[in-house]
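Structures incoming, each one as structure tokens.
Two complexes come next, and they have one chain in common, chain A, joined by chain B in the first and chain C in the second.
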Partner chain A sequence: MDYEIVIGLECHVQLLTQSKMFCGCATDYDGAPPNTRVCPVCLGLPGALPVINRKAVEYTVITGLALHCQIAEFAKFDRKNYHYPDLAKGYQISQYDLPLTRQGWLDVEVEGQTKRVGITRVHLEEDTAKNTHLGETSLVDYNRAGVPLMEIVTEPDLRSPEEARVFASNLRRILRWIGVSTGDMEAGALRVDANISVRPQGQAKFGTKTEIKNMNSFRAVKLALEYEAQRQIDVLEHGGRIVQETRGWVEGEGRTVSQRSKEFAHDYRYFPEPDLPPLVLSSTEVERLRAQLPELPEARAERLMARYGLSQYDAGVLTGSRAVADYYEAAVAAHGNGKAVANWVSGEMFRLLRGATLEIEAVPVSPQALAELLRLVDDGTIGISVAKTVLEEMFATGQRAGEIVRAKGLTQISDQDQLRQVAADIIAANPKAVADYRGGKPTAVKFLVGQVMRATRGQANPTVASEILEQLLNESNGRQPS
Partner chain B sequence: MPLDLATVEQVAELAKLGLTDDEKARFTEQLSAILDYAARLQTLDTSAIPATAMVGGLENVMRPDEARPSLSQADVLANAPRSHAGQFQVPAILD
Partner chain C sequence: MELHALTIHAARAALQSGDLTSVTLTESLLNRIYAVDNQIRAYLSVTPEVALEQAEEADRRRAAGDTSPLLGIPFALKDVICTEGLTTTCGSRILHNYIPPYDATAYRRLREAGAILLGKTNMDEFAMGSSTENSAFFTTRNPWDLERVPGGSSGGSAAAVAADEAIFGIGTDTGGSIRQPAALVGIVGLRPTYGRVSRFGLVAYGSSLDQIGPLTKDVTDAALVLGALAGHDPLDSTSLPTPVPNYETALRSDIRGLRVAVPKEYFVEGMEPGVERAVRDAIQVLAGLGAEVGEVSLPHTEYALPTYYIIAPAEASANLARYDGVRYGHSAANPSDIWDLFRTTRDEGFGAEVKRRIMLGTYALSAGYYDAYYRKAQQTRTLIKRDFDQVFTHYDVVVCPTSPSVAFPIGARVDNPLQMYLADIFTLSLNLAGLCGMSIPCGFSEGLPVGLQFMGPPLGEPALLRAAYAYEQATPWHTMKASLPLDVTSSELNETDEAEIG
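And now, the complex of A and B:
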């Protein structure tokens, strides 16, 4: 039987605020000694009162706007009650029935098909403490407790693990693009959980779902959901039934396992948080925040395609992050040729960044310096292959292209006499290629051009070299090569 | 609306209360009385009254995003029955 996979995601996002959600404790807990970013509020001491962090609310609204959500005119916080040591208060402050934003969408493109995925809601809550297990006891560090956490819930619109992976990746791009989160999955700044079920193709009713946790990379999202879908199908094929439960992805074993311990009562007895007055968002305020929203990745990609004639692929690569897009457009502004700059940025520049494991924010070659290099190519001072070497040097030393070309004597050889001598030597040294050429294989000249380039360490102007070679080959046609 | 014993046991479980059989019987009665009183309120026609989350009349009470000093680790752990390596130590919990 053919099965359809149905997936919805719940993404938790740590917001890039200086202070926690309801108190002034710093959020820079990473690497800090345990329990040193803690105060009476986030420790839940009696009498301590929470106060809402304005920036966290703004970031959530901005995220909602970026995800085409409706922004609530009236929102409130609620207590989600459960007993677990990662919550000092015995409840988590979250949003239940009146979240800040709801009903949006985000497009994903898989195998050339664009699909619109519904966003059910984006709400604001607080992160929990970190537990470490030590034999018969557990240790609790409250540094992370109370860090602003945004929860983004999708509709069950995803139909394959690959769609889920692409969605998560697109979401991360947007979060980083609008500057609300680092989106760092390994560091836990973006945590993607999934609800997944399968049903026979054509059946309207959803199958029983399981919730998958501990997927710490986009790759893990795909692998875990592929595994879980197959597991569910196998259970059904063998006449079994799916148990609704939480399962954790075990990366090392490549499988999901039941986390029965987490199934404490799913009755959170939500009620309005009496310590926090509700939020009323005026349209003036929402419009003020909308005005802060930068041009979003899809819109920017469209514009790059229209304005510079880029392919959809190139536009996608160059809008991988806002910093890359900014770099690209600054280089185009300095150089003028959008396509040439696109090739250099997405080709050589990305290769060098990958090699050095650097992000574009830390690139040692400014957009203006790249434009200078490309101008040296345009005016024939250096050829493409030398330009690549020069870029490597610029990347390594931070020197400008002109300085490197001068200091190393890399100026392209377009001088006819000089190249004629080299070409003659190459013809003499490669009788087979010459014979091929004369035997009716004009492409053999390409090989000879390559040899000229090699002999001149890439400095020969390949167009001029090719012309001279053909000239010499035709001149000496029928005679012994000199 | 009398509560059944099972519901009382579930509520006790959620609240982490260990109740004796006597207490369960007593609270079944008392909680039923409280619910009966709430049920009387349910009979009122509130269709003309907007839902109210809070009665204080405040809204949009927020603070700027500024970090402030936290407590010292020693102060944080001062009331902990047990601590180890700067952390609270509790009976084993499973993730």
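And now, the complex of A and C:
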């Protein structure tokens, strides 16, 4: 039987605020000694009270706007009750029935098909502490407790593990683009959980779902959901029933395992947080935030295609992050040729960045410096292959292209007389290629051009060299150039 | 008059004139505590070193020209308000060893105003109760009759003030816990409007109902302490930004034209005749002073008790979830796993009434019951508030009894929670509606004090103080004090039962 896979995601996103959700403690706990970013509020000490972090609310609204959500005029916080040592108050301050934003969407493109995935809600809550288990003992580090956490819930609109992976990846691109989160999955700044079920093709009713946790990379999202879908199908094919449960992805074993335990069978007993007044968002405030929203990746890709004639692929690559797109557009502004700049940025520049494991934010070649290099190519001062060498040098030393070309004497040789002498020597030294050429293999001239380039350490203008070679070969053959 | 018997305003005059130092006054209070507290048992902890150090500092401040309103005045703080470095137990075994690392805003404000901390007072565990009998440690005695309760939950602070073991006391009021003990020991208790005083550092019971307020020997003192406590606190998002008025200017004996409402639902069958008589007489006094007295109806009054006993326990069930033995306080020995640690810590650490309310609240919030209980209670709460809104469009204050009975014997109600809950029948509505109110002495029944309750609209404290002050100035009740058996040393009395005065 054919089965359809149904997936909905719940993504937890740590926000890039300076201070925690309900107190003034710093959020820079990464690498800090345990329990050094704590105060009575985030430790849940008796008598302490929460105060809402305004920036976190703004970031959530901005995220909602970026995901085409409706922004609530009236939102509130609720208490979600459960006991666990990582939860200092015995309840988490979250949002239940009146979240900050709801009903949006995000497009994903898989195999050339664009699909609109519904966003059920984006709400704000607080992160929990971190437990470490050492044999008989468990340790709790409250540095993470109270860090602003945004929860993004999708509709069950995804139909394959690949769609889920692309959605998560697109979501991360947006979160980074609007500057609300690092989206770093390995560091836990973006945590993707999935609800997944399967049903026979054509059946309207959803199958019983399981919740999959502990997927720490986009690749893990895809692999875990592929595994889980097949597991569910196998169970059904053997006449079994799916148990609604939480399962964890075990990366090393490549499978999901049940994490079900009765302590987690919760009735969270949500009720309105009496320590916090409801949030009233004026339309003025929302419009102020909307005005701050940058041009989003899809719109920017569309514009790059229309304005610079880029392919959809190139536009996608160049809008991989806002910094890349900004770099690209700054270089185009300094140079003028959108397509040429696109080729250099997505080709050579990305190759160098990968080699140095750098992000574009840290690139040592400014967009203006790249434009200068390309102008040297445009006006024939250097050829493409020299330009690639010069870019490497710029990347390594931070020098400008002109300086490198001058210092190393890399100016392209287009001088007819100078090249004629070199070409004659090459013809003399390569009788086999000459014979091939004359025997009816015009492509042999390419080999000879290569030899000229080599002899001139890449400085020869290959077009001019090719012309001269053909001229010389045809002259001594007694034939007119064709 | 003995120094320990002074009011704030009398002590302040003596301190300002240079006739008295704060150290002398504080020593007098400490000696009084040593003399009588083994009978009263108002204090859970007395902190003489802290008190004397603060008193010396106050004398230095005064010498330097400081005229802060409570400078050098010793007081008693309910043990539910956090004090940095000083044990704060909430009357509970689960926090018997808990020392907060920070000061509550209310305590900080009192210290800034110059007040001197004598110690932390007994209370019903986590402020759940009306007699101090739910304290995990001991029961405080009513100075008027040591076999009777002082009321609760702020019974320790109330008894300390009534027995002159503090110039003033600080209590908290979630359903009547300032006003009811004030009534039962014959002093003044003021519960401010919700949000008027910061709750930061007040260990939460019912977060939407809790409020800190003064327990004092007279109305003037209540105005002085309220002025020091009140004000916006950025650390408490429910605290009100409204500027604090000068409450002393409200203390005028002329109440001609003040519109006073008498709600008929507050004179019910079952209330003690002596209480009703004293309150009716008090209303006559108000009318005689020129107040315009009219009878009104607060029709949803009968739902206040069940509404309160859904909402307060629901909030408490979450507020008390943090006491799990992981970070501080009592922690069960040798638990088999984390769930056993939670269970055993809480089983050993909480008393019966606290457990009862946690269960009530948990049940009311549970899936399938939320709509029938918690949501319904919130709707009823709105109706109760509307009753008052209606009345306050035509009246300045509401007047009624504080408690349906005088102080009851220790042990009389401990086996009957519902009977105990009825002690707060006249005080709960105000908390649900977010109003302000106070109780002042209005006479005696069977030799025990009776309290008169004033209720005002949100931020209506000046009207309350005005009505209460005028009544107080026209009557002798606030000057009457219980005679304690141990007073024999100072008063030369030989009788052991000197409670009957009035």
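One rule holds for everything that comes next: the second predicted complex is superposed on the first by the 474 of 482 C-alpha atoms of A that agree within 3 Å, B and C clash if a C-alpha of one lies under 4 Å from a C-alpha of the other, contacts with A are read in each partner's own complex, and residues count from 1 in each chain.
Please note the rule applied: contacts are C-beta pairs under 8 Å (C-beta built on N, C-alpha and C of every residue); 3 or more make two chains touch, one makes a residue touch a chain.
As the structure is a computational prediction, the values presented were derived from the model and not from experiment.
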Touched partner set for A:89, first chain B, second chain C, both or neither: second
Chain B versus chain C as contact partner of A:167, first or second or both or neither: neither
Partner chain(s) touched by A:395 [first = chain B, second = chain C, both, neither]: neither
Partner chain in contact with A:46 - chain B first, chain C second, else both or neither: second
Which superposed partner A:269 touches (first chain B, second chain C, both, neither): both
Touching partner for A:277 - first (chain B), second (chain C), both, neither: both
Which superposed partner A:177 touches (first chain B, second chain C, both, neither): neither
First, second, both or neither for A:79, with chain B first and chain C second: second
Touching partner for A:137 - first (chain B), second (chain C), both, neither: first
Partner with the higher number of touched chain A residues, chain C or chain B: B
Contacts on chain A seen with chain B and repeated with chain C across the two complexes: 40, 43, 51-52, 81, 83-85, 138, 140, 267, 269, 274, 276-277
Chain A - residues contacting chain B, complex: 17-19, 24-28, 33-40, 43, 51-57, 76, 81, 83-85, 98, 131-142, 259, 261-262, 265, 267, 269, 272, 274, 276-280
Chain C-facing residues of chain A, complex: 40, 43-52, 79, 81, 83-85, 88-91, 138, 140, 263, 267, 269-271, 274-277
Residues on chain C engaged by chain A in the complex (per definition of touch): 81-82, 88, 90, 95, 98, 100-102, 104, 199-204, 207-208, 234-238, 314-315, 317-318, 320-322, 324, 326-328, 338-339, 342, 362, 365-367, 370, 374
Interface residues, chain B side, partner chain A - complex: 10, 13-14, 16, 53-54, 56, 58-73, 76-77, 82, 84-95
